[in-house]
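Alright, structures below, take your time with them.
Note that chain A is present in both complexes that follow, paired respectively with chain B and with chain C.
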Partner chain A sequence: MVRIKHRYILFEVLYPPSNPNHEEFVKFSETQEDALLTLHQASPSSINARLIISTIRKSIQEHYGEHGVGAAGLSINMKYWSNKTSTGIIRCDRESFQIVVGAITLINRFESNPVIIRCTHISGTIHKCEEYSIRRSKELIRLINNSALRTKGKQSSQFLLSLEESTSLKISDDDRIEIDG
Partner chain B sequence: MPPPRPPINAKKARLYNSRNIRTHTTDASLVDKDKLNVPDFLNAREFEIKSFELAQLNSKYASSNRAFQSLPRVLRRRAASHNVKRIPKRLRAKAIREMKSSMTGTPTVIKKKHSRGRELYRLTMSRKLLNLGSKLKLLKGVPDKEVYGKKLNLRSKIKALSKQIRALKQLDTEVKSKLNNIVGSYDNTGINDYASRPTGNIKYYKRQRQFVWLPTHIWHAKRFHMIKQHGFQIPLSPTQKCFKMMSRQSKNDSILFDTSYYTSLIIELENDEDYESFLLNITKFSKSIPEKFLNGERSYNDWIYLDGQKIGKVLIFSHIQSHKILIRCFPSIYKDIFDYCKNAISNYTPSAIHDCQYSLGSLDLIGPLSLLSLSKVLHLVDKDSSIKKAWSKLSTVRDSKAIPIGFNISFDIMDSRLWKQPMKIKPSSDTNEYFDFVSSLSTSKLVDSTTIENLLTPEGRTKSYENQMSIKEIDREFTKIATRENSLIDTDIQHRSITPILISKIGPSSWTLIAPWFWILPIWSKLVRVSQIKPGGIRQIRQYNFERGCANFPNDYPWLRDGWNYNEALGEIKQKKYTKLPKRLVNDKRPDYKDIDIISPFKCDWNFLRNITFLAKLAGKDLNQLEINPKFAIYEDGNPIRELNSTHDLKRQCHELKSLALEGIRKSVIPIEIFNKKNEFQNKLISGDYTVPRASEIRFSRLPVIQISLELIKNGKLHDGARIYLSKVEPDDDVSIIGFVTSGAYNINLGIASGIGLVRADILKDSTITTLYVRNIGQTSIYEAKITTIHN
Partner chain C sequence: MLYDLNVPWPVNDYHTKPTDVELYTLKNTIVTLHTLGYDHIAINFQITESVKIPLNQTHLINPIDIASLQKSLSPQFPSIKLFSRLTIVIYDPAKLQGLAKLQAQFDILAIQPLTEKALQLSTTNLDIDLISFNLGAKLPFYLKHKTIGSAVDKGIKFEICYNNLISGSIGYANSPTNPIDNIQFIKKNFIYNVLQLVRSSRSKGLIISSGATLPLQTRNSEDILNLLRTFGLDQSRSKSCVTINPERVLVNGRLRIKSFKQTIVMDNNEISSNSIIDNDKEDPKKKTDSNGYKKRLDSTSSGRLLKKQRKR
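Moving on to the complex of A and B:
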């Protein structure tokens, strides 16, 4: 009995500052916290699962042609998409996942928003993608916390500490993974 | 695509919910591209994490799961679905419920048949016998020999035991109990003679008549395949599949073996000169013995020489202060060593030899975490000594090369069962201390004299068994203290047993722990609960050696008597199997071997190799000068032995020699011998000075060989018995064989097939050869392999 195997791609949509306004760039590069928050913004509500899938298909057609669409385009499925955190999980065939990843990275904009789509994890089971995403979120929270503690001062840091206690998120050394600063 | 409508059925609803991951709803009031402030951002992330975890939990329990399906692979048992006893206790209630609700399951309570009549009588009588046996043990008595024999029937045995018990109970001062404990531990040493077979528990005596049980036998019998060899029942391999797991364990954690079947003997020599001269006789040292070896700081892990002949690799521990030498060896060569030593020391007085086969047991550990795991279970008596400090530092050393082979450490430990869980020793974070310690290893003396005295004398061992606590007693003590407490060490138990042990490094990453026989089981029972340890059997030792390119005793040593017998036996078995196969399987499993009467396709035919080499020398011609297909054989006038002009002649003459060998008056010798530089005959042979006098003398000559380790260069298969050639030849060319592969298989460490083999010394003596060619038995493809010599 042959099992059809898939690949689950965890990706996130990043919003780099693109305004010709000089101020935004300055603000973006001020602190680590600012940079992270700008990049990992919430997506506007116009971006939904269906739009992303169609954009990916268009991108495949543009860069990989008809053959690419035939091989990879039809088997793409959106398993999870969250607007607030701009992260999602896509499922595709095992043979064509490289086409999909390539096409995703070549996407420049979503309907007038310049974006960078970044594939952070590929795995054979959705379970492992979820686990990785959990670790990554925890690391992001830790980075933001540290940065906020350094710059904002006592007020917001106290709020952050209380938030941590209430959510009982334990960030241990094992959960550390590399995130761009 | 709009989300699919959720189904109505509860089960399906559960399944649907598990497949759906909830997301944080998007707020319509959220302005486009608004930079989140920190609390909103954190909230959003936190919600996502929670929803992922929830989704995982849902999917885990979505599919219907029976009790045994939720267990990991190693705990699952076949037919656990209808036999509830095969499921761990914590899941049994659930399994019983499932069974009751299912139609096909058999009821859990199977009514046991009640035996009647003669059967019932027999059962009650044997139960009575066992009861009497345990009563006797509680009175610290050992049952008489006649109880174990065959002559008495059940009734008479019961009578004899009852009589003994009555005598002991009367508290006669003349009738002294032989034991000093209630668990039945005693020291079974043979003084100046072989030790008598241990009898063990009355319940299991019958099974131990021919093959003695190791102290941990019952533990192994439940989890391992056992084999009967060398008079012991030895664990072969765990019942579960563990090939890759053991390969990983030996590289990252550690594997534990019960090697109490390794027999040991102790020699006592009071006179120091006699001591040293005896050691010079049996070890490789020729002029003087190193000081460290005499002191007991380092042990000797090499060949033992009996009458100048190498017999096998042994462990020799010498302690000149107590005038004792401990020799520990593989059981198949034990008899030779014991007889030889007994004769050798009879010239020296005063001297004694103790047979400690059944009084000293040992545990072997391999892997980088061996000492760490040991340190979790062994608790030293003397807490403040330098040895204790050295031991705690030693257990943190993971680099196997930091500690030299032969390194010894010995100390007294308390009963390991007084601690419920393994206890970690806190490592010191000072790296300077670590380096100081490692550099001081070469000079420090970590062998306690009193411990060695206690370990190597029967009186010392018997003293260690005094008031040894049974499991029942220990459990009783544990119930008295609080459940949180891990150990009984702070309570006032009547007696604290002290066990002398010796730990020695015997290989690049292997350690052995030597302790009195009846203390092995308590240490073992606690050691297997350490998470970094997995117990293994003989097959795992062989796998470990093979993966590192080391030779295994006995199959890779065919020039020794044990290796020769082993390989001959294997060949015979294969031949019998081959002849038994029916003719209809001729092409697949029963291939038509060519020249089956000249070179045997079932084993490494060393006789053939020796015959061919010496016949070629007799012919005086080089092998490539011979014709291949002659038209006829030439016989000199009157000479019944044909002239050797072609390879065909060689082969036929070989065949003649083979049949001659079977009917000789003088016993034929093992045809091969390991290459020894100092051997004159071998040197002459190799340089070509030696000439063979007669063909019939060939069967008493020995061909020198060198042991090599092979590794295939490209993909290919290597099996036992593969033929080794110097250059790429036709597959049916048997005459140009220069050696055989004694053990070959796929090596998971290297990712390519590898093996150990033996090659003619005259060809390999010039060390410029780095590659040879191999061909498996019955195959035509020839593979290239790179070789390295193993020095023996």
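Moving on to the complex of A and C:
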């Protein structure tokens, strides 16, 4: 018996500063804390699993054509998505994960939100993705705390708290989102 | 250690000064790149051959104020290292003169040839580190393995700048040279040109850089490599496009400033591989004086002694 093999892609959505009139725009390069907190913002609720999957399919269609959508686009499946931490896990076929990652790289906006999507880990089991995600969040908190120490006396923000929550992330069966083709 | 050797300086000539918004955008781009893991970042000043360079006023040649940028970023981002790069767009190689005077002012020298003749000349005669192409437009010539291969053997690297692919329409607005191209062709041209480069260089001697004018146009290095692999970049050589190859470009360019004939480096402090690359401890006066780091034998104390002995 041979089982069907998959790849799990762990990705995070980053929000670069794009509006020059916004306060973030000037503050962004001042401290590492500001930069990290701006990039790793929580996603608005309009960005959901369904929207992300359909954007990725569109991107595959645009860059790899019908063949790409057939080979890679129809097999993708959102396994986990968290608006709080803007991270998610996508499952796809083992043969075609490179096309999926390529198409994800080329996305630069979700509806009207300009975004950078960064694939941080690709693994054969969802468990390893979870572990890696937890390690990353811890590292991120450490970096932000270090930077806050350097600038002194800044309150840890709401986002930091939600990140701390996510270090105890366990993907329960209720959290997993199933979306049909 | 990741390298991005192309973050464009917002202005392309000597008359205009960048506005505050543009400078903030530049800083934001650098910080975003840093967050994505890049730490050696070169700021690219791109001019066409018709722009008049103030060759006689050496302090005006480099408009990029690396020192103040570095100063404003380094307390918070100690690992960012900034470098300056000059890219000259050339049609006619005969017009290009005084390159030697520019060499001491910039850490990296690059050429963007627009004709086959210019490419030929830059691979054979010019003392440069990097050749870049406008990958969004159709190249008016065919890249031959012989030309590209000989340049790679000489140590000149070729640049793949991925901003065309990510920002299709914006990339178009900035290139008035080819009005026939329209937006949908930019990505197609890019893929075609990358395949041409990969074929003619056999995936050797390529570097990948962002060319990002906005923080939005930067991408994770692994993702970009993965993307280019699906286009046909050699799997085993792809990693070196963001690590070892750009490092070589940088060392090559820095050696031009700091060494004698690119072979001997003198330093009173301990010499490590980093002391060649680092540009923060540099004396700006020494840099403008082309003989600053290139001492002649007879001008040093031991050299003078040797000469005297020979006379006897």
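Definition applied: the second predicted complex is superposed on the first by the 150 of 181 C-alpha atoms of A that agree within 3 Å, B and C clash if a C-alpha of one lies under 4 Å from a C-alpha of the other, contacts with A are read in each partner's own complex, and residues count from 1 in each chain.
One rule holds for everything that comes next: a residue touches a chain if its C-beta (ideal position, glycine included) is under 8 Å from a C-beta of that chain, and two chains touch if they have at least 3 such contacts.
Please read these numbers as outputs of a predicted model, since none were measured by experiment.
In the superposition on chain A, A:80 makes contact with chain B only, while chain C stays out of contact range.
In the superposed model, A:57 lies in contact with neither chain B nor chain C.
By the touch criterion defined above, A:91 lies against neither chain B nor chain C after alignment on the C-alpha atoms of chain A. After overlaying the two complexes on the shared chain, residue contacts for A:133 are found with chain B alone; chain C is out of touch.
Residue contacts after overlaying the shared chain place A:39 against chain C, while chain B stays out of touching range.
Touch criterion met: A:108 reaches chain C, while chain B stays clear of it. By the touch criterion stated above, A:119 is placed in contact with chain C alone, chain B being left untouched.
Against chain A, the residues of chain C that register as touching in their complex are 21, 24-25, 27-28, 30-32, 34-36, 72-73, 75-77, 165-167, 187, 214-220, 222-224, 226-227, 229-230.
Looking at the complex, you find that chain A touches chain B at residues 15, 33, 37-38, 40-42, 44-45, 50, 79-85, 87, 113, 127, 130-131, 133-134, 137-138, 140-141, 144, 148, 156, 159-160, 163, 167, 169. The touching residues of chain B, counted against chain A in their complex, run 1, 21, 23-24, 26, 28, 30, 32-39, 41-42, 44-49, 52-53, 55-56, 59.
Chain contact summary for the complex, chain A toward chain C: residues 14, 16-18, 20, 25-26, 28-32, 35-36, 39, 63-64, 98-99, 101-102, 104-106, 108, 114-116, 118-120, 147, 150-151.
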